[in-house]
Amino acid sequence: MNEKAVAYVLRLGDDALVAAQRMAALATWAPQLEEDVALANIALDLLGQARALLTYAGELEGQGRDEDLLAYRRDEHEFTSALLVEQPDTDFAATMVKLLFFSAYQRLLYEELSAGDDETLAAIAAKSVKEVAYHLSHACAWTVRLGDGTEESKRRMQTAVDELWPYTHELFASDSVWRGYGFDPAGLRERWLGIVEPVLAEATLERPVDDWAPTGGRDGLHTEHFGYLVGEMQSLHRAHEGVSW
Amino acid sequence: MTDLEQHFEDTIAADHRIEPRDWVPEGYRKTMVRQIAQHAHSEIIGMQPEGAWITRAPSLRRKAILLAKVQDEAGHGLYLYSAAETLGADRGELTEMLISGRQKYSSIFNYPTLTFADVGVIGWLVDGAAICNQVPLCRSSFGPYARAMIRICKEESFHQRQGYELLLTLMRGTQAQRDMVQDAVNRWWWPSLMMFGPPDEASPNTAQSMAWKIKRHTNDELRQRFVDMSVPQAEKLGVTFPDPLLKWNDERQHYDFGPIDWDELKRVISGNGPCNEERIANRRRAHEDGEWVREAAIAHAAKKAAVV
Amino acid sequence: MNEKAVAYVLRLGDDALVAAQRMAALATWAPQLEEDVALANIALDLLGQARALLTYAGELEGQGRDEDLLAYRRDEHEFTSALLVEQPDTDFAATMVKLLFFSAYQRLLYEELSAGDDETLAAIAAKSVKEVAYHLSHACAWTVRLGDGTEESKRRMQTAVDELWPYTHELFASDSVWRGYGFDPAGLRERWLGIVEPVLAEATLERPVDDWAPTGGRDGLHTEHFGYLVGEMQSLHRAHEGVSW
Amino acid sequence: MTDLEQHFEDTIAADHRIEPRDWVPEGYRKTMVRQIAQHAHSEIIGMQPEGAWITRAPSLRRKAILLAKVQDEAGHGLYLYSAAETLGADRGELTEMLISGRQKYSSIFNYPTLTFADVGVIGWLVDGAAICNQVPLCRSSFGPYARAMIRICKEESFHQRQGYELLLTLMRGTQAQRDMVQDAVNRWWWPSLMMFGPPDEASPNTAQSMAWKIKRHTNDELRQRFVDMSVPQAEKLGVTFPDPLLKWNDERQHYDFGPIDWDELKRVISGNGPCNEERIANRRRAHEDGEWVREAAIAHAAKKAAVV
């Protein structure tokens, strides 16, 4: 078993899973029906990525864990998703800013991985990069629309940008797992800024200063929100031991 | 009879479709708008009972299936509101009618989804009943509605098969899972039968609707078809329906079934179902929470238009 | 095993448990510090009642289930609490109206049970009746204060009364379990109205008409809120099989 | 020096207590109010990290213990605000200072409680550190504060024993439970050491506070006492502290320990701890949600007073 490969792929899978779980929870809550369809679509894409990645991580691990054992039978501290994706959707602004930051990251990382040596991972990444390109363009459009909309929408967007910005640093924090397999996202920060900064500028939003940079997610140390997310996600599965659904 | 009226009557008589550009009698327009709007509302409200299980779905595959289904329902709502708009209705006004409680939606969605088996039973029985109702509507005299129904029915059939497949899986599982299915069937059977509306003798508008070809069968005909279709499916699944009077009538070549509690239907329709207030309150809250977003989108579009 | 006794005591225990779980969730959210202390106190009383009652139900059952197995290892449909106690605390008005309705019921029922033949149950009831008398007087005081306070507080209280009233009928709905053991609360409705109606009147609140009367809780058929409540309550316990805490 | 000043100085010198009716220098009053208010705020904010586990406590006994503890903290907040009020402070204003971020609370509560073991470790280490800080405050020169501290210390000791007992139980449990404890200890050890404040050389107010006898020991003295007390407890428990430099110094008759990351403390105090925003936002929301209740209570009381 290539432990570093497992850890690497799990991070990608957990990111997608947690982002999907958050987005899926918004079903029926979008500000308009078209957006209900769009958000569900994005959640489905992310869920599909999570399933492919977790399945592959389980295969690499070779301990017989499939996507469901990995999603439903790990404890909170075993999930290595970034803190960004578990942040709550306090309003539609938070949802869109999170999607902007995360999909820009995913797009760059998947692009690199689609050209990588690991063929399975490359195939998953190649399929996913198209999906996240759509997520990104959707998030960009809303960011501009809401940043440069009304006074209230601008205020909400700026608040979301300010609150979520600190969590973006972790996406690019290198460590032995990132360096040990695939492509190290540490090198993507500049290109990521190259995507995000112009969107914020067009949206007449201020790009926050780089200051506080909380980490921990990659080592299983999450925020207090995460326990509730995992608890809810796993509640029914855990209530019935070893059955099929 | 004017030329316009004559053209309308001829179109109906020839089984051709009425299109948005055609003149229609005010009664036809009103009936059609109400029917389509109520159907659209039902799709939207119908997202809630199942949507509540998305975050807790017990496998990632089931989560994906459920999410896709709820997404389809949003899509159905969209086509249907669009169809209503071709008759001059305004989507904002229809939404207002829904969240103020002035327009109804299918009262089946006022029942709670208590376990994950409910997701399967809703697919099997509720979508099944909806399909019985809707297949004839693919031949509705109003074109946009008929075309929307063709697409919707196709997707609903898919949902129904998925629901039934979930139930088959659960019935092959543990006793707890089988109990869950039977319990869900017990709770959803009678409300499903009520989905076809009041009995024919208490359904005064049916005649006009059938004359206009916006309805093709009576409530009781459709209900009987649904019962006849469901009983063998239940047998195959290994569950029973909570009706001691349900049995094959060789003479009628149909299943007989017990009397429906129409008082319950009235009570639920008039607001006293288990979840009426919640469903409407959730919808209202989502609408209100989204207000600043919709306003900002309009403001942004106006700015862009001004620049150009 | 006396099945009817088990079912009877479980209902009482589940009522107290679910009410305690709801009330305990409000810790740190009260409108003033004194009320944080009071609500925690009430939640502790209810939790104590739940523990005593569930322990006793487990003993009556004789299958080795203790308070924790009964609280953490039953599925939603096995809980036989009334629908009233699982209703969400949408605001402080809902909390207080729920407490008014429920504690008046508990007070009357415990009073009867404290004079009953089952000595264990009588002892639990005798201890509890003093506690719930305090809960009731607390709820009465707030009901009057808020009903006859400002326009907004009156509106909120009337909304809560209207929304929760239908669920009070179930408390007095007789069936074979209630008739089979202890004291049948069906006979308490008039006395309950004798407590509640004057409070509503003093609070200048309207007593709703008796109309819709949802039931199901006593047979394990709950509202959609209940799944979340149970899922959250059991999440940690279920994540670790058979360990001590 | 005026008579009033002389009386104040004499009271302090004689180790008697200052009471609310006594004249005090403005500096003493201000320092005391700030100290008591920050302590009260810490109790209130401190309800949150543990309070979050009440609904998920894994046994009913632990749920009751935790709920009682959180209740005690609310009670402590109450006494302390009352003590501050005897110095002319207004509770509403103090609350305003807290939720606007102008007054601080112990920065330990800006760390998250990630597992149920955190509940035990908070009891053991955080309450333990609080007790080290607070026991000398039972002899504070300000009477109402000293008396509040006596009661609070008694309850805190009880909480500490309960926390330690929870950890003993977990350490006797499964490997997963033991890992949970060690992980929690790893996360809480350094923040606990920071609870004693900056090192003495960077603590300019200590001298005045000690002269006024509202502080009895320096930060570093108390920190050392806490370390010396905790190491044997950790050994008994079977956990280690995440400090490779921690070891007994026979000469000093104390444990040596590694350097503290004072930058982290500054960062967390200045607002960039993991949970600062959330803690304040939750408090603010609770306060705002309760506004209509407090207003109604006042309005009702006014009506009653008018009638009499």
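Letters A, B, C and D mark the chains as written, and numbering starts fresh at 1 in each.
Keep in mind that, in the parts below, a contact is a pair of C-beta atoms (placed from the backbone, for glycine too) under 8 Å apart; a residue touches a chain by one contact, two chains touch by 3 or more.
Since we're looking at a predicted model, the values are computed, not measured.
Chains that touch both chain A and chain D are the following: C. Taking C-D and B-C together, the pair of chains sharing more C-beta contacts is C-D. Mean C-alpha positions place chain B and chain D at a centre distance of 57 Å. Chain centres here are Cα averages; for chain B and chain C they lie 37 Å apart.
For this pair, chain A with chain C, the centres built from the Cα atoms lie 41 Å apart.
The multi-chain contact residues of chain D, meaning those touching 2 or more other chains, are 56, 176. The set of chain C residues that touch two or more partner chains comprises 75, 231-232, 235-236. In terms of which chains touch, the assembly is arranged in some other way, matching none of the line, ring, star or all-to-all patterns. Pairs of chains meeting the touch criterion: A-B, A-C, A-D, B-C, C-D.
Listed in rising order, the residues of chain B touching chain C in the complex are 49, 52, 56, 112-115, 176, 183, 187, 267, 272, 274-275, 277-278.
The residues of chain C lying in touch with chain B in their complex are 75-77, 163, 166, 211-212, 214, 216, 221-224, 226-227, 231. Contact residues of chain C toward chain A in the complex are 75, 228, 231-232, 234-236, 238-239, 241.
By the touch rule above, chain B contacts chain A in their complex via residues 44, 47-48, 51, 54-64, 67-68, 70-71, 74-75, 77-78, 81, 116, 166, 169-170, 172-174, 176-177, 282, 286, 289-297, 299-301, 303.
In the complex of the two chains, the chain A residues touching chain B come out as 17, 21, 24-25, 27-37, 40-41, 43-44, 47-48, 50-51, 54, 67-68, 71-72, 91-92, 144-146, 148-150, 152-153, 156, 232-233, 235-237, 240, 243-245.
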